[in-house]
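You will see two complexes here that share chain A, one where it goes with chain B and one where it goes with chain C.
What follows is the complex of A and B.
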């Protein structure tokens, strides 16, 4: 197999992982912060509703975080927690989807697009009171770039095999030197947590960096630049964070954020149990909700309000096995792949799928029908010219007829589709058994295709074995799956787009593009990555979306809305469609009347 | 006599219940797999005789449902749109008793669909699914019990009649089977099968697994009866006259086990229906869109369905009359068996 390109790796990270935040641990005992005269703090003033200090907020987390260490975290609960404890240089505002200053108060790009000069805020301090300066940034990126650390984000900093280099100009100015102009570098700063050198240098030198950041770390040995810091961890039950008194943001009236004194994460493994906890008032906020649970909660809103933030960045799709299975493939599979490779067959399937019914029946109307990978929730990048053909069984039948399929009538009144060799069209669709939404989609598609005379079986599979079949053994016919972009920027889905990408699901990790249109997409995506203006990138990306829609390797189905809810007492609750959906403004969340006393 | 009457009553009741399920195609208004995507989770429709103006109608009617404004799962009756109920209309094709192609249904509605027990997540008629689902569940129970009793009878008879090492071996095997965690066994078997199993194969797989796993208990009961029967005077006499083992078993000993086997059947059938429901509930049974009581209930695994749509519980209620019927039958059979034994003993003493 060809070594994955830098592009592929870059996207690999972006979509599989986080854009969150980061932290570290020191094993030594921490002395009190140096008593040096502090320079004037340059705090970031946030607009918006002014809240009230104090209280604690209890929320549930789908699972126990594996680590607090941003260098090794990959799971969602860890990302969610780390996001509230760490901060980045430049941040993407989840409401506007645009970049804005964070730890860096300003940045400049050289005319050739190769040098990014970032100026840090003055007077920044970690949550343990240690000052933060350019050396921490240099140290942080040294860690991310060190191969031995195995940071999952590392590949994002490598361009055509060459890493980004950093130079310190003075204690508050850093220059990032890129080997190649890169259109979205400033967006890429989002999620790179700046780590405390004073805590991590020693474990790093001892080669123990991967072991730091366990949840059992004593609170005084862990620090970050985020709004909250570690207070207590009870295994299997909860993680308690407390307010970071050194946080670098204030509200419009100059009160230092965050408002909350404590943020408690309860570990609640199932979605239904989370709903029950929220309903009983034990937790104050709920997110990542399914539409059915949302309407259950919406039905009796008294103490809480439910928010439908509109279509998010999750896209669900059906795809066929287009892998080159070689000579050892069973003849039956070769036969099936002959249908799947036929563009008209895929177009017919797409034309027969009732997307509106999926929106209505699976998401109770809380979703948007989808014809491309970029969801309507991604306002800047969705291609408005992309055709949205309505469902048409007639058109589907016509396409099948053109492709040489015909209908046989075996006596019992039903007619079955058969190919030009007289073989009945029969295949199975695998779907995640853990996702009732995707199983339902598959069942609806099964019925849609039955009307074309295709005999489809739906096979619910446990997620891991499903992914194993799709990416490793390739023993499947068709699959219903979903994915979510972590950022609105196209590059977060690069490993779906590129033929060399691991999430190019219908035929992943190709050495060479298998078809001319895949080669075309590869070219467009690579070009947009290095194009310098938004307009150029948008044009290229739109074209890529069109090529994908013309060739239908993925039959896009629907994008669900981001659904969340919070108690009425919680102020500044504005769920966004980008992760983290409800905690992107956690520093501004506050409790109105001091009524929240839920968890122990 | 009283006993006999009770037995007849139970048999009649069960016959009626099974008849309804066997003729599901006739009693069900629609094809159980047909989706009506306009009405997911529609609550059971009410049949009216009096309209909103207070007029009495000779023919019962239903109002077309419509979505409440701004909602996707709350319905209300559209009182401007009454649809009369039709009896014996022609509708979807079905096969009566598995081979007679028919289109006649017990009832339907003119230019509309009538959902007496509401619909499921895909807008499929819950009544039709319940009736057709009963076919799968009950046949699985009956066939499974048949297999169990056949195996149990053979093994029990061999162990009891021949005794010795055969008895020891078979009874230890029975104990092993009783200790088997059959649910996990089934998970394991399913994992070895190909990805997509057709509904028919899945159905027979369930029956075979349920049937073969439960033989131990009936085998032990049969063995006990055989042990006592083979020492009875008439058996000894027959043996004295030179009867072969096969003849003795067939003619004298196995008939003695009939009351035990019948009682066991009446107990096992509802248990096996329940077993099929459990397996389908867990997704190991017949695949969608074929209904069975178990996979009809599987949507209740979701909290939102559990608390929002009460008519999704109905398949669980459907098993109750069957269970009661079979248990009643079992106790009647048991009593009859006991009485028969006493009777024969008294008669035996007199002669």
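What follows is the complex of A and C.
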């Protein structure tokens, strides 16, 4: 009886009048879709290949989604599923990396950059047939902004401590008022799933919003604006979605999308098992593939084709512990930090690391060497002027010499590097044991640095322990880690750039920038955030990338390619380098000549 | 009756002990569920602190244990951070699948090990016995994981069996008979892997126990009385050898259970294994504690069952406990 229902008000009156048993029946009756509205639908017409209706597509997810509720989801499987069930106001096209109209058919930005006026499409309906209007948008953002809801994305709507505010102009027009101009502009609307007020208002008022959208929710109690809707969930096994008949997009010929009747997610606990399922033909699409599995699958492409979409937005890097550890730090660590803080030392390490070898050996060539945070996959924002110095041990040795380092007794076979006090240069690199790629990178770096006479140990650590050390206890020398921007826009990495950011990993959450160059980066990043034109922002952002490269607090290594595969029978399969790599156009995916893809 | 109560008391004590220890150990493990969020550029530290407080992670450990106990009494077994729901329902669904796998494998393994061991013991030292010993010794040294992977390769290459999972896509549309067939087909590989991994041990114990008893004077006397060999073996030798085997039965349930957690992950069987693994990696504390407690519960239950069997099968225990 706690479940949200279609028409809360009527229901509430009923329940005050009638016995609870009758209420239940009453709710049931109301929960059916309301009568058809006569309002003309303004559908979005998608260009591109026209497909064929019907069939079912089966795909595997690594791990089980935890929730269908966009307000609380953080894990990858949940977000992948939610992405196919929900829609946003303005959407970033994953292929072009540019914005395009979605639920909002148009938007206007006031000249001062503070007011965004969005006009909704007419005739929009949730997947349960219930009409959607401006009130749903207001309600949605009220939830995202409510501190008690703990929406993880909430911070993106707060500018200098002040939240964005919304006003309804009419049932199809909403004004977003920003406290400050924001350079990201309409891109900021991407990813905010518009939620059904008619289902969520009651649980929200009862303070139970975090509990709704569990996978066990009955299908008629859950709705979204995405191409698919909930049909069945079997714990530990699969999630079945069905076509949303009210979806607001059509193809070039006017056929309503999506093409697929059903989308089935199988929960498969390991990457290797995913490959097996794909090989045996049980699943039709595979994504988030490692390079090794990709090569295995690529060897024997008969029924399926593998696609290498090029470098994504993930960047892997090495960084040293530059935290201010205070007086409690052990003398050994103070000694080490003296090296780490020396720019020439970091530059020498960067110069000695063979990035191409990492690409070749760790990713079998399916990756791009990296000299900055913005990967080549990010076409609009990567700084082309950023220098790509080739690997040079000579230059590294020269830099070390300049910094006062020297090599121990030569002629002893192996000569080890020592600092100006005669202390041997010795440190450890921690890496995630769960990521074989990053462990391998650390091992290759160990080898590269050995050639400079540095004694490096690689310490594989379980992921949480590693993060605990890096962000909490700060007991580490150096670390190999990776991060992925969730959008091409620079602001998605803001916590890495800003010295006050939690992901400013080498020295996170600083009260004041510890170095002049960190202050410079802070200034550049803050300025670009509120700059109004792309050209201005790009110029500032390029400069920030250059300052970062000059100072090498992060020694960038490699960006892996986005790898995926699909059966030959699947049409419109075009993996992108932005998440969700293969399902960004799920409404357009179709099966060419079906039967063989149906269930066994 | 006293015997039963005492055993039950032991079992409860064990469960309580395990719960305290797992609580302690999971708390000692570095990192928490929310650490991964720190790596998410979209989530601010204040939000994470608020979430930690919401789930009571900022409270001292003994207090958390008391909270957990009270939620156990309410049948919730704590709250999963990842699923945002009580732990018990999450576990119950998956525990059913794990039990299905484990019970089937246990019964099957014993159904094979008993006659095979007896048969082999009877031919002690002859060629069939030696071949069986060699075969089981080889099976014994192959790790479970290799066995499971080998079977999976077979499934992919031949296409005879599904490569994992518990049901086909479109399961809900099948007729009841076909549903049964479908699940059975999906069970073949994991059950085979589990049976093959425990069979050698069981076989060797059965064989040794029977061989021991075959030399007993009462059997030689019976043989002298002209009782047929088969009757002798199955009616007299087997019950006499049952005592150590029943203890082993309880033990084998535990073995299969821990084996099945691994097999489940490899073969993507929707049991406790994958859930537990994911929860451990994600530090979803209460799911880990709940999962371990469930496994302990099965183990203790299996042993309790074995103790009962022993009570029924061995008159010595009956008289001993009645005399007390």
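Just a few scattered comments:
Note that the second predicted complex is superposed on the first by the 560 of 600 C-alpha atoms of A that agree within 3 Å, B and C clash if a C-alpha of one lies under 4 Å from a C-alpha of the other, contacts with A are read in each partner's own complex, and residues count from 1 in each chain.
By definition in this document, a contact is a pair of C-beta atoms (placed from the backbone, for glycine too) under 8 Å apart; a residue touches a chain by one contact, two chains touch by 3 or more.
Keep in mind that this is a model prediction, so the values were computed, not measured.
Partners chain B and chain C, brought together by superposition on chain A, fit side by side with no clash. With both structures placed on the common chain, the touch criterion links A:436 to chain B but leaves chain C unconnected. Of the two partner chains placed by superposition, A:173 touches none, neither chain B nor chain C. In the overlay built on the shared chain, the residue A:296 is in contact with chain B alone; chain C does not reach it. After overlaying the two complexes on the shared chain, residue contacts for A:364 are found with chain B alone; chain C is out of touch.
In the superposed model, A:276 lies in contact with both chain B and chain C.
Which of chain B and chain C touches more residues of chain A is settled by the count: it is C.
Within the superposed three-chain model, A:447 lies in touch with chain B and out of touch with chain C [touch as defined at top]. Look at A:460: by the touch rule set out above, it reaches chain B but stays clear of chain C. By the touch criterion defined above, A:526 reaches neither chain B nor chain C. When both complexes are overlaid on chain A, the residue A:76 reaches neither chain B nor chain C. Here chain B and chain C sit at a least CA-CA distance of 10 Å once the structures share a frame through chain A. Comparing the two interfaces of chain A, the one with chain B and the one with chain C have residues 276 in common.
Note for the complex: chain C touches chain A at residues 29-32, 35-47, 50-51, 54, 82-85, 89-90, 93-94, 97, 152, 155-156, 159, 162-173, 265-268, 270-271, 273-275, 277-278, 281, 283. Of all residues in chain A, only 56, 58, 63-64, 66-67, 69, 72, 74-75, 147, 150, 152-156, 210-211, 214, 216, 232, 234-238, 264, 266-270, 273, 276-277, 279-280, 282, 434, 462-465, 467-469, 471-472, 483, 485-486, 492-496, 502-503, 509, 598-600 touch chain C in the complex they form. Across the complex, chain B is touched by residues 271-272, 275-276, 290, 292-293, 295-296, 354, 357, 360-361, 364-366, 412-413, 428, 430, 433, 436, 440, 443-444, 446-447, 457-461, 475-477 of chain A. Chain B makes touch with chain A in their complex at residues 33, 35, 37, 40, 72-73, 93, 101, 121-123, 195-196, 198, 283, 287-289, 302-305, 307-308.
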